[in-house]
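Remarks on the structure that follows.
We just call them A, B, C, D, E and F in the order they show up, numbering each chain from 1.
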């Protein structure tokens, strides 16, 4: 099975880290084809970065779809471009945010999300509402740890994330935690043991869901919301994105 | 990986059929340990059967858990006893109804459920509400095909189910269909091709989700709703069910 | 009028206490027929106890229905087996949890629930969602008083419950309180006077609702969710529960 | 027990009819004190009539409260002035619309409302939303029978109402019907037998709920939404309505 | 353009203050015709005042409508009589509460309301639910400043309101604030600068929305909820309110 | 006042038509600065076109913001890029879809949307959910008229749209209609007269709301969801979009 994992930001080192996390949980025989977007923001923080990440993401999806992959994973916790990507793909497309919410719903009655900066909260709340799983979510919390701090061994990032998880368990009565950033993947297991509740990484969740969808033969519906784009002219710098039908 | 699949009704032939469907999609290396409940109703149709299916179901869960399995699947579309089973299990527990809703949400914006008799609709609607995915559901419809008709090659069951799927696609604008009975598993692929939308079987969905949860190391949360039963005396005919702590 | 009040746990002393509370508010001419479940858990705390309480509860409902009662009350705040009991009964069936929510909605714009242990909160929240009255509920709070402490005159149970009520009034802006345990019935009036808001006991509420339903001639609907169980074989230890139609 | 039943429109013959329906179900020892509003519309159809019915209604509530009654019933299906009346009363106040929704929720999983003219539907929908029971309601339907037609033995009102109930049962899968007009009270029992589902009259429901609230000692909460009006001057024609504190 | 602004309480000095606020933002060419209700409460605090304010309000609406105005504004944050007023008017009718919620939704993802006394909170919450914008609201908070304190230069009203806004921004993550009282209009701009978020006055919002509706030619729908009152007799002191058709 | 109206598709003739509609309702002194996106799809139909329209749209917003405009209007009924545009703008940003929903909510209790092709329905439903006004919406309907047919005088587009409006009024009990395409602006008034309910054009609504927001001094909140993009590198073809801080 070939799973196309695309990092919608343009920082290759992040792609490498995420791909490693994906490969660590992939089933034998699953090949993770990791791609980094070729244009757009170096990291995705908020609606503007999200919007400008879309062309690069969609180019990657289209190319992988043409080459014939079995599934796509969008490796940003904001589920950047999920709906648009699905219009391009026959293969299933899974976002790592949504993947975390679904997996959490299967092992806990209520879950909280612990993310990086508080500016990410509105996007996550909007995604929960769209997914329908907001009713299962007991809160979205920010640890106020920036993504780059996660890379810095001298920072106290881990302890601040852990403290926020503790508050979610005590104050929200969260029964599980979804980590709200791909860069936290390596912390999930240890934090789960520390707090005695499932701590869930979206990258691993997305690999598991993508593999599962492929194995049982499910493809993205082409009726309604995810119908293929209609052929038409595109102008200017993006003219090569025009759907050809 | 060892997955315990328990049929909460006491009809062994149904277990065999469901186990075959599960094995057909299971990954190499996954062992499906199929069990039939030892006490209770021959089929589960409505709240009363559901209630009396619980002791047999929970006995099977407890026994499998003691023997050490990696996950449990409850093979009734009503998700009979899902919450209670989770209190007994460290391993993840997946219901086939809930599994279908989650998988449908990943390949379609809106899905409808097509089930057997209209008396099943209230239970399914209540489960959708509990799962949080009611907002993604465009309708729950009955084909008025009884479970046993599904076994009878001379019946027109398939054509009535297909007609109801057609109505769901046209009238609900359903983008995918979840089949609301384990006994319809063998029809999913052909009906999907006929109608041009994903037609989703809960058994296959549950196998995929259970495998995925195990592979990424997620266990049922023991904080809150699914904490282990407290030790106490149980009276009468069910005294051997008393939790020992 | 004959009202069948069934305690779904198997502790007769609790039944006696609850029956006394029921008789204290019953109208002249109302006979409270109190029954204790003959099999299952000594107390109901969480989903597992709840599931194993069902056969004993349903046996009691069936027996009383056969003898001809006018209404049934399920005397556990979790509303154990409410839906299944309704499939067996022509007479109305009222759960004490649901009764408290409905009565609170008639005397206050918003109410909070104050229950025993925090492990009870998820079940109560699920019941509020199912009843539709979650939007009227300003919070479900645990006093962390165990049921048995309520029986111990030396414990500080009453003061801890009172403190939690105070927090609900101040922090949730609760206008009324529903006491989340049958064992708190005797405290309702005094706590109400202390806090200056209605403090509502589910047992009394259920008696009032059951009497009212009977007096105006309402029976459980047999269309849809509460249709009688279909006749079929039941296997094993529970074979005598098989519906005969 | 003395229950004050106030008809918020100014048509005494309607009061007589509603009072008779109330007395027919009242418990022995319950006295129904029926009052007709002294000012305002002859019938209440829509928001404007509703608004102008309030002073007469509230005068009646204040007078009865001063004389010392045990409960109040507002006998209009629109639940005219329910919140304002509660600010004036220590005794519980029950509206016949809300009463019907609560009682229906106790005998059926889903209920539909069948009312008179379609112009009444928005008010009823708003009340269902406010009560929190909209999730239990499978539809609000108009029979297009005007209130006065209900009084005319030569009209086909009954058959049109019955036809609409039939559609609610078939198309909404309604398990019970709440009749959306006090003037339909005498039809409830026969229509229920005809359709095989509970058909619920709000007047009878309100009597039962009011009696129940009184018997268990519940009064309207004075914290929050229903706190007594603050003393202040009122100008002009309504100056005698000024709260005196 | 002629906009009829009606203060539904009977305190002319409040009308003057509100009219000044309205005129300060009105477009050139817009005439604000300010009216004070001729009967009813001197201020509106809670459901009872609200109910008794309706006849005076509706008389003012009817008179202005007869004289031919282009729009109506109801200048009470409780949106007193909004639905009833719309049945009388062809011209659009805007309430200042609802106006604030709509404008806040256009400049912020989530907004909180900061009002005067906590007894106002339930009415505001009910209005948010009715408007549909409760999902955009991150909280309704009381500063516990009474309306008259707003007029007293020696009071610390402003600092208490500011403190509550600070808590809304920090604790609710409110991105904008709607001031929950017409008497706070003059504080909006300075408080917005102090806290760095939009602080929104309902009076200004209503003027802007009313002007906009008029300019684009929208009138109140006469189908459904806001159909004109049906002609009928009104009794007693309010007989002159009878609709003539 | 200078309002920047940007057509996010790249078809200048559409911009001209929309700008004319905007100017027809703008207040004296309002200048409509119409812009056409310089890159991306010729028309926006579905999620893919929507995604690729974003860079061109955001470039136009940034340029106009730098030149100093008072408000922005995004002239696509899908509200393309509304959240991202708000992160770039101090000035308020209004989408024509959202504008129509808000205006409809002020003149009707319930409204339906009548759009072009059924493939647009999921996007509109998602936007209604996000805006919070889904509860006020009685249905989203497609006339199955393509955008270009609206330009063809020989087509029967108008009669098909009118027929769908008729169905919305009869079957949904819609009290007002929001036209779901900028290209229908010229039909609004005549269709409203034909059907006797407000028929609302989003372009006119957006002009009115933008003018109103400016006149009362409201700017886009910079706290939370719409905080300015953080400075960072952007790669590849879109590197000139990098925020500079």
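Heads up, the rule we're going with is that a contact is a pair of C-beta atoms (placed from the backbone, for glycine too) under 8 Å apart; a residue touches a chain by one contact, two chains touch by 3 or more.
Since this is a predicted model, take the numbers as computed values, not measurements.
Trainee: Check every other chain and keep only those touching both chain A and chain F; list them.
Mentor: In this structure, the chains that contact chain F and also chain A are B, E.
Trainee: As a multiple of 5 degrees, what angle does the CA superposition of chain B onto its copy chain F give?
Mentor: C-alpha superposition angle, chain B on chain F: 120 degrees.
Trainee: Which chain's C-alpha centroid is most distant from that of chain C?
Mentor: Result for the farthest chain: F.
Trainee: Look at both sides of the chain B and chain C contact and report whether the same residue positions are involved, with over half shared, or different ones.
Mentor: Both copies, chain B as well as chain C, present the same residues to each other, with over half of the numbers appearing on both sides.
Trainee: Could you please state the distance in Å, as a whole number, between where the Cα atoms of chain C are centred and where those of chain D are centred?
Mentor: Taking the average C-alpha coordinate of chain C and of chain D, the gap between them is 27 Å.
Trainee: How big is the gap, in whole Å, between where the Cα atoms of chain C centre and where those of chain E centre?
Mentor: Centres of chain C and chain E (C-alpha means) sit 43 Å apart.
Trainee: Among all residues of chain F, which ones touch two or more of the remaining chains?
Mentor: Residues 83, 109-110, 118, 121-122, 173, 224-226 of chain F each touch two or more of the other chains.
Trainee: Quick one: which chain pairs are touching?
Mentor: A-B, A-C, A-E, A-F, B-C, B-D, B-F, C-D, C-E, D-E, D-F, E-F
Trainee: Under the stated contact criterion, what part of chain A meets chain B in this complex?
Mentor: That would be residues 25, 27-29, 83, 92, 94, 98, 102-103, 105-110, 131-136, 169, 173-176, 189, 196-198, 200-201, 204-205, 207-209, 211-213, 215-226 of chain A.
Trainee: Can you name the residues of chain A that touch chain E in the complex?
Mentor: Those residues of chain A that touch chain E are 118, 121-122, 126.
Trainee: What residues of chain A sit close enough to touch chain C in their complex?
Mentor: Against chain C, the touching part of chain A is residues 109-110, 173.
Trainee: Where on chain D is chain E touching in the complex?
Mentor: 10, 37-43, 45-52, 54-56, 58, 81, 83-84, 86-88, 118-119, 121-123, 126, 129-130, 224-227, 229-230, 232-239, 241-243
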